[in-house]
Every structure is written in structure tokens, then in C-alpha cells.
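The structure under discussion appears below in the form of C-alpha cells.
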Amino acid sequence: MADLSIKIHNLELKNPVLTASGTFGYGLEFDDFFDVSLLGGIVVKGTTIHPRQGNGYPRMAETASGMLNSVGLQNKGARYFATDIYPDLLKYNTNILVNVSGSTIDEYIACAEIINELDHISGIELNISCPNVKEGGMAFGTSCASIDAVVSAVRAVYHKTMVVKLSPNVTDIGELAKAAEFSGADSLSLINTLLGMAINAETRKPVLATVTGGLSGPAIKPIALRMVWEVSKSVKVPVIGMGGIMNATDAIEFFLAGASAIEVGTANYIDPLASLKIIDGIDLYLNRHKFSSLKDIIGCLHL
Amino acid sequence: MQMRKTVQELKVISNQQLNDDHHILQLEAPEPLGIIKPGQFANLLVDNSPIVFLRRPFSIYSVDYVKNTISIYIKIIGEGTRKLANCQVGSYINVMYPLGNSFTIPADREIILLVGGGSGVASLMGLAQELIKNSNQVSILIGARSLTDLVELDEFSKYGTVYTTTEDGSGGVKGYVTDHPVFGDKLSDFTRIYSCGPEPMMKAVAAKAKENAIICEVSLENSMACGFGVCLCCIAETIHGHKCVCTDGPVFNTNQLKWQI
Amino acid sequence: MADLSIKIHNLELKNPVLTASGTFGYGLEFDDFFDVSLLGGIVVKGTTIHPRQGNGYPRMAETASGMLNSVGLQNKGARYFATDIYPDLLKYNTNILVNVSGSTIDEYIACAEIINELDHISGIELNISCPNVKEGGMAFGTSCASIDAVVSAVRAVYHKTMVVKLSPNVTDIGELAKAAEFSGADSLSLINTLLGMAINAETRKPVLATVTGGLSGPAIKPIALRMVWEVSKSVKVPVIGMGGIMNATDAIEFFLAGASAIEVGTANYIDPLASLKIIDGIDLYLNRHKFSSLKDIIGCLHL
Amino acid sequence: MQMRKTVQELKVISNQQLNDDHHILQLEAPEPLGIIKPGQFANLLVDNSPIVFLRRPFSIYSVDYVKNTISIYIKIIGEGTRKLANCQVGSYINVMYPLGNSFTIPADREIILLVGGGSGVASLMGLAQELIKNSNQVSILIGARSLTDLVELDEFSKYGTVYTTTEDGSGGVKGYVTDHPVFGDKLSDFTRIYSCGPEPMMKAVAAKAKENAIICEVSLENSMACGFGVCLCCIAETIHGHKCVCTDGPVFNTNQLKWQI
């Protein structure tokens, strides 16, 4: 058994496999399938200060090696989370991060303040990259100035580990990553979904009610890998990589590109045990290649 | 005991072709089945396809606790259903099941109408089987485009009186299900209506039920990414806001739905 | 037979199916397979003023529903094209466009001037979006100022139809499209490839010699469709759509999103007859849906 | 007449498994074959795979103009080769062929050494068959990791003297091909060496050929997107700059290659 533990700022992860926000619910939905505490961490569903109904239906379109979603941050709000969901999460013996979003900076702050009070929540993942909401979301993530504004504001009220989740829908992700680091991010996670669209040629209608949506799955892995590589060269804080990770080999590629941990997203839908299998597969890979620790391969791409 | 949701490789022990585009697969579980309730569904992985990425949801058509099998009724409509319908006996299909809620099974003797259209009949077989256990009196109305699409009538007739309609009049009463005489004067004899099929059909049925103040439950379809409540893609609009069809449903009492009927 | 003809500025296309630069050679390579003159047009390989050896090997990585390439504009230069290749193209009875690239604005100008002299070349596709060259290429396509500089400069020397090919590796493609239109583009084509990366976990090396490369194929179709839709709402000039088009249904989706014509790229590698089949399939679709002309569906997405 | 390149559905008329991971497929053409030259290759479409996107290139192992078939020798190394090697007799494979240039066939009687390693032997069978037609004298040296990988020796021995080496010594001479006595003093008896196999092997062979001033042609592999000269992905570095392995090759005279040997 290789040493799979890794530190992301103050988070001590027993292994580098987390689950991506919006693809793992609150973990509870997986209790039937496996012991969720075996994971390095869980990033729960995008949470906002006010409850949100999300977008209209249909919200999903299957695409080549991927899918589009336009859920639009449906959630019952941070207070409901704190009172009604959080207590159920106390049973998990792993890191739980809340993915925090908002339409205005004040909303981000208000949400982060509530989460800051929850002892068993190890950190937040600041979502400045949701492509599926009209206001806020991705708009915050596409310029250095707006990144600075929202990240610094939340930094002022949130005192545990703050991961900032970047949008891939940008010209220069390295620059934006630097801005987030400069403004106080303890770690960066990427990528969120790529803005895409699907059309039904027979009905001549967009497939999604919102017309556009966020693309995830193996289709985006090459783009995600490239961005993780660029970002990990641009910043000093640890990077959490994701985008199309379906198996341990994919995960290894992200470590080699510079990620210290990874998040498993869409794969959870197809195989709820994917994240667990990935942990095992990483261990096998390290043993087979005679590495005693995960740390030996992070960023170790031979150029 | 109610079965927990699980992911298993189920063995295809028979693949019965009903007509051009309808198949019934009988799938054997590696472990003894827990109790699966009528209305629950399964999410099947489609192997070996360059274009099918996500699982495909299907009602659990029937359960055989002796043989330890579940059956899936498949109508071919695209690549995923085509691949599944053409699977070889002896091969394995990766199945996530049982998923979703279920139809309400009344404890007392009630007079119940099941209305199925198209592949929607699939969710009614298990229901009919369960209903007669509690000595309910069951009528089953099946609507189809044409005679060749009316399948499994013999099987259904084991559990109740079967009526049929076809759009082209080639079998049963000509027209839509709601054109059938059971939707006439005597409809209010029924204490409950359960329906599954195309949404316009279910809405028409729900409207008739509402007029006659009959309890009506429908099983909804929806485009699903996960099938177990984590993607939030499969919403239905209800009077309590957006609900997930895969966990809060697929069965809904129509008085909960925000349908314009 | 529906009316498949369409005008892109001065180009009269007999049908809306062109082949994408870098995926169809000079057409000659397809002579064994079919009569290339049946196409609406051919966009030949990226051409620069000076001959270019392109990048090192390996230049290709297969990815989920797509591929990465890092060819890097290998070509024998505009003069060689004019003297040695152009004469062979005279036999084709269809529109031929030359995809023009450069490392500096002067190189773009010099190349465009040579192509301007070739009677049988109907237009150029200005490539300001190649992700595989160190200088120039995509760098020109990612800011309004640089787009303006290169497009206006070439406009001054090139007098036939000038299509400007946009890069998808940007935050706001609508804005950049407007800049290109403003600076004199007669039409816009998009998308070029998305910058991506592939890693071989076993060797711990990047698959491509250049580390990163351009992603094409069905994986990118949702992104391409979204961008075509955004751009066609932003500009008045006709839009030529591409990105992952494998069959007629894909092509129809691009027309509905607002494209007046399409280019078939990676599909040519897998099925050299793909473009021909797409022409037939578009006709079938229009007949089946009782449209007498292609023009009836362009931009006709029901929202 | 030299066959033009084409895309056809070829019928699998036999699938012979040679050992754990080597198969030979015999594929029947729907129309009479034109002339296919030794060294040319085919690009096969892999159906029903979610992970194989592009075609897969294979040498044309042999051609039977009477039965109107081509054979393909496949070593399983990943998903594409696995799918192809497991195809059913009677099914069809979409094949683009014939592609690339070919080995030089000397007009006079010459003394020729063929050196194959691994699946590289595939491009040498057709060559051997062609060479003996012109009364050349052919020796065939085949290198493999171990005895079980030495296949088709009987077939090769129809066309020349067969020598073998294995890395583990389980068959033939122990070591690499260049450790075999044919690479000893008498090597200069050969007028030409043709080789196909792993690049390090071909380089070692080319070095020996160079020392002895023997004409040497090798068949290169490369990662290919198209196989017919339009993507420019498959380059080899030559003294005349970058050349496409799929059209200018796969066969190159080693004096054209920029190999450090």
C-alpha cells in the first residue's frame, strides 16, 4: 500500500480522491453503494444563501463522450443545509467541503459566513465558474478584477481552507489562477464545465430549456489536463484537478500534470463506485511503478 | 425486506422478441433479490457503443423471486435501446437497481384502472401482479398506435380485465385510451387510476380522473443522468417545487403535479 | 432535390458543405475516393509565406470522441503553392479557399498578396486561431486589438472573399467576432481546435512532442454549436460552422444554430466520403421536413 | 493494374488465432482486387467501441487474388486490436486500402535478408511471396520475445530459409536479431536487407547494413489519424525534411532517414 495521503492547505486528505460538486449530492445518496468515509473528501452540491429552484426542464443532454447540464444550482439554501443536512453528514469520517455560490458578492459572503460556523466542514470550494445561472456564477470567474473582488471578500469572512474553482471558459486561465491565488485562495480547483449547446435536429429546438449548458465528461479531459498543467505552473498553491476523470489512469494523468488531488464528477452517475475504484487503481499504479508515495508523481511529467 | 439500491452484473437468461421493436429481457441476479416494489426502475449500462454515454432507465417489468430474476420490457427507439434489445442470452448487463419510489398499493379491496400507452405498459405489469395479491379488482386499458404494438395482452389478462384501443383502429376501440368506454359514465366506479405512457396521454387520463374525483397516480419519464438523485437533472414541477423524478418519483399523484389539465 | 445553394459574400456555393483546412489536404488526395467538385468548396491546408516543417513527432493523440493534433502548419509556402500545387487545382469545378496563416502581420500580408493573384482561388480563410505554433496563430485571435490589426491589414491587400477563422480558446467569442467583422471580414468561420493535452500515464510523458495540441472531433461539437450560435447572433456577415461534424444531422444542428455553411474536418480521416454523404443527408432532411431550400432552416432554432 | 485506394466493407471469412494475442483475419473484397504491393497497408475501422475513435493501420499480410481476399495479421495491444482480433466470421469490417508505398522489388536475382520483429513480420510475408517470383534468394530472420511469439514460421519457410532469435532463448538463437550469426561475417553476401519491427531493432539492423554497405529498407510505424496523406500527423524525419509515413512511406530506404546510427 503506497502512501496516498496529501495535504491541501490545512486539509489532511487520506487519499487524493474527492467527489465533484453537483455529482455526488451530499454523499448520503451513496450510502447504499459504499462507505463514503473511504474517500479523501466530498464536495457537496453548490450552495447559495437563498434557496434556488434551478432552471427549467429539460436540464440534461447527452453528447459524444459527455453530457450537458443546466441544473442552475438548485439547492435549499445555506441555512437549510446547516440545520437539516449538515447533522446527517457528521457521521462521515472524511473531509467535507461545501461548494459556495452566489449572484452577488454579498450573497457569497453571507453563504460563506454560515458555512464557516460548521465545525465538521473542512473547507469551501468557491464556485465562480457555474455557467448555468443568469447572474453571478461564471461571470465572476472570467476577469481578474471580479475574481479579486469575490475571493478577497469571502477570504475576509471564511477562516478555514478556501479552494477557488475556476472556469475553463476563458482565454488565459493561468492569469486568472494567479489572481485567485493573490486574493487569498488556499488552493485552486478546475475545471468547471465548458459552456456548450445541444440541438434536436428533428424538433429544431435546443435540447436544454436554457439553450446552453455545461459540458462535462471524458470529452473535456484533454482541455482539463491542459488547464491543470498551465495553472499548476502559474501558482504555488496546490491544484485540484477534474474534468472527465473516469478511472485511475485518468487520475494519474492529472497528478502528472500537476494536480495534488482530483475530483470525480460525471463518472459517479455511470458508476457510483468509480471514486472508490480510482483510489484502488492509484494505489496499484504506484506499487506497479515502485513509487512509495503519491507525492512522487505530482507534477512529474517528463518533458 | 425492501431491496437497497445496488450495481450488479445481471445475466441475460432470455431475450424474447415480441414484435419488430419490442423485447423482454429476463435478467438473473447474482444474489437473492430483496423486495422490489411496483413502479421502481433500473438503470442499465449500454456497453460497446461509441455514442451512448449514460445509462438508460427502464421500469422493472416483473420480478421472479423464485428464479431470482427481473424482467425489462424494451421498446427500441435509439442506439441504446437497440443495443440492449439485441443482447445475447448468456451475456451480462450492468444494472443499477431498484431505483425510485413506487405506486401506492391500497390495503383494502379497491376497484382499480391501469392505463398504459406505448412502452409505458412496462411499469404496470408488476403493479397488476401486486394489486391482485391484495384482492383488488383490476382493469387494464392498453392503448397503442396499431394492433402489432399491442403485446403481452395474455400476460396482463392473468391479472385483470384487459381493454385495448388503437389509434388506427386495427385492434380494440379506435382512438386514444380516453376514447374507450371505460372512460364513460361508469368511470367513477373506479377508486384509483394508475397510468404510464406518453405525457399527453397521462394528462388526458389525469383530467378524466380529476373530473371524477378519482385518485390518480402516474409514472413520469424524464431525461436522467444518474437515476439516484444526485445530478438534479430529472425534475418535475410539483406544487412543492422541483422534485426529482428518479427519487421523489417516478410515480406522482397527479394532484401534486403542476399540470395544466 | 431541395435548393442547397447558398451565398457567402461573393462565393456562390452549390451546396453548404466545405472541407476544413488541414483535414482535406489539397483535395487531390481524395480523387481516388470521389469527385471533389461535388463539394460546395474546399479549404486547403494552412499556408504561410515561408515554408514550414511543422512540429516534431508525435503530432497526434487520440482522445475520447476526438483527437489532438500538433501539426503546426507544415506547408511548403505560398510561392510553392502558387507554382506547384495551384495548377493541379484548376481541374476542380468548385470554390477553393486558401487557409492563410503567419507569425507576423507582414507574413499574413505577403501570403495573402500571393493568393490574391490566383484567379481560381475564390477566397481566403484567415487563420488567426492555430493553437500549434509558437508565434502568431492563435495569439492574433484572442484579443480585439490584435484581430483588428491583422484583419484590417490583410483586408487592404486581399480583394476577394475573406473569411476569418476564429479561435474557441477565448472568454467572449461574440466580442471577437464583432471585431473581425468590423475590421473587414466578409464571413466568419469557427471553431478552430481547442487547446488540449494528452499524457501517457505509463511513460509519464506528454503524448505530443509539443505537449499541448488542438482538440477536434465530436467531443467539441457542443462547444462549437454554442459558439456558432453566439457569433451568428452577434454579427451580420454569414457564419461558417464547424467542430465535430460527422454526419448530416450534425450539420443540420449547425444550420439551425445560425451557420450558413459548414466545414467537415476530422470526419474526413475516418470516412473520406463523409462530406459527400453529408450533402446527401442534408437534402434528405430538407425533403423529409418539406423545406424547399436550405435557407429555410438557417438560424431557425425554435427557442 | 495497381489498385486505387478505396473504402469498402470486407467480409471476415476466417479468423485464425495463432496464440494468446495474435490473430490472422482473412477479409473478402466485394469487387475484384487490383494489384496490392508488398509493404502497403490498410486502415481498419473499429466498430462498437466507446474509446476507439480513429481507424487502426495494419500491414496487408498477404493477398489472394483467386479468393479475392487480403489477410491482416493482428497483435493485440489495446482496445482497437482486441476488438478487431475478436471479430466474428461472417461480420464485416470497413477497410480503407491499399495505402502507402511499397518495398522495392529488385528485377534481378538478388540475395535478400528480411528481418522481422514482433508484429513487424506482418509486412514481410507479402514481400517474401513477391520476391521469390523474381527468383530472388530470400532469407527470413524473425525475432521475438519468446518461443510462443514465433508464429507462422511454416508459412514463411515456403518462401525462404527461416532463422529465429528469442530474447529469452526459448527458441532459436538467444538474443536480439542482430545477435544472430546471419549478422556475422557473411552478412555482406546479402545485396539487400528489408526490415520491419520495433524501431530500436530496425535501427540496429540499419546500422549493420550501413557498415556493410547493403541497401536497407525499413517499414516504419507511426501514429496516424488519416492514413492517406491529409492530416500530416505521421511524419518521419528524412534528409529531405518531414515526410509522411502513410504516403511517402511506410517503407523508407534507411539512407533517407535521419537516424543516429
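A, B, C and D are the chain letters, set down in written order, and residue numbers restart from 1 in every chain.
Please note the rule applied: a contact is a pair of C-beta atoms (placed from the backbone, for glycine too) under 8 Å apart; a residue touches a chain by one contact, two chains touch by 3 or more.
All values reported here derive from a predicted model rather than from experimental measurement.
Traced through touching neighbours, the fewest hops from chain A to chain D number 2.
Our note on geometry: chain B versus chain D, Cα centroid distance of 56 Å, whole angstroms. We define each chain's centre as the mean of its Cα atoms; on that basis chain A and chain B are separated by 36 Å. Rounded to whole angstrom units, the spacing between the C-alpha centres of chain A and chain C is 34. A straight line joining the Cα centres of chain B and chain C is 48 Å long. The multi-chain contact residues of chain D, meaning those touching 2 or more other chains, are 50, 52-53.
Multi-chain contact residues of chain A, defined as those touching 2 or more other chains: 61, 63-66, 217.
Taken as a graph of touching chains, this assembly is arranged as a ring, one closed cycle with exactly two partners per chain.
Contacting chain pairs in the structure are A-B, A-C, B-D, C-D. Contact residues of chain D toward chain C in the complex are 4-7, 45, 50-55, 96, 222-237, 241-242, 247.
If you check the complex, the residues on chain C that touch chain A are 61, 63-66, 68, 142-143, 169-172, 194-199, 201, 203-206, 211-212, 215, 217-223, 225-226, 229, 244, 249, 252-253, 256-257, 285, 297, 300-303. Residues 48-50, 52-53 of chain D touch chain B in their complex. Interface residues of chain C, counted against chain D in their complex, comprise 22-25, 29-30, 32-33, 45, 53-54, 57-67, 69, 71, 74, 217, 266, 268-273.
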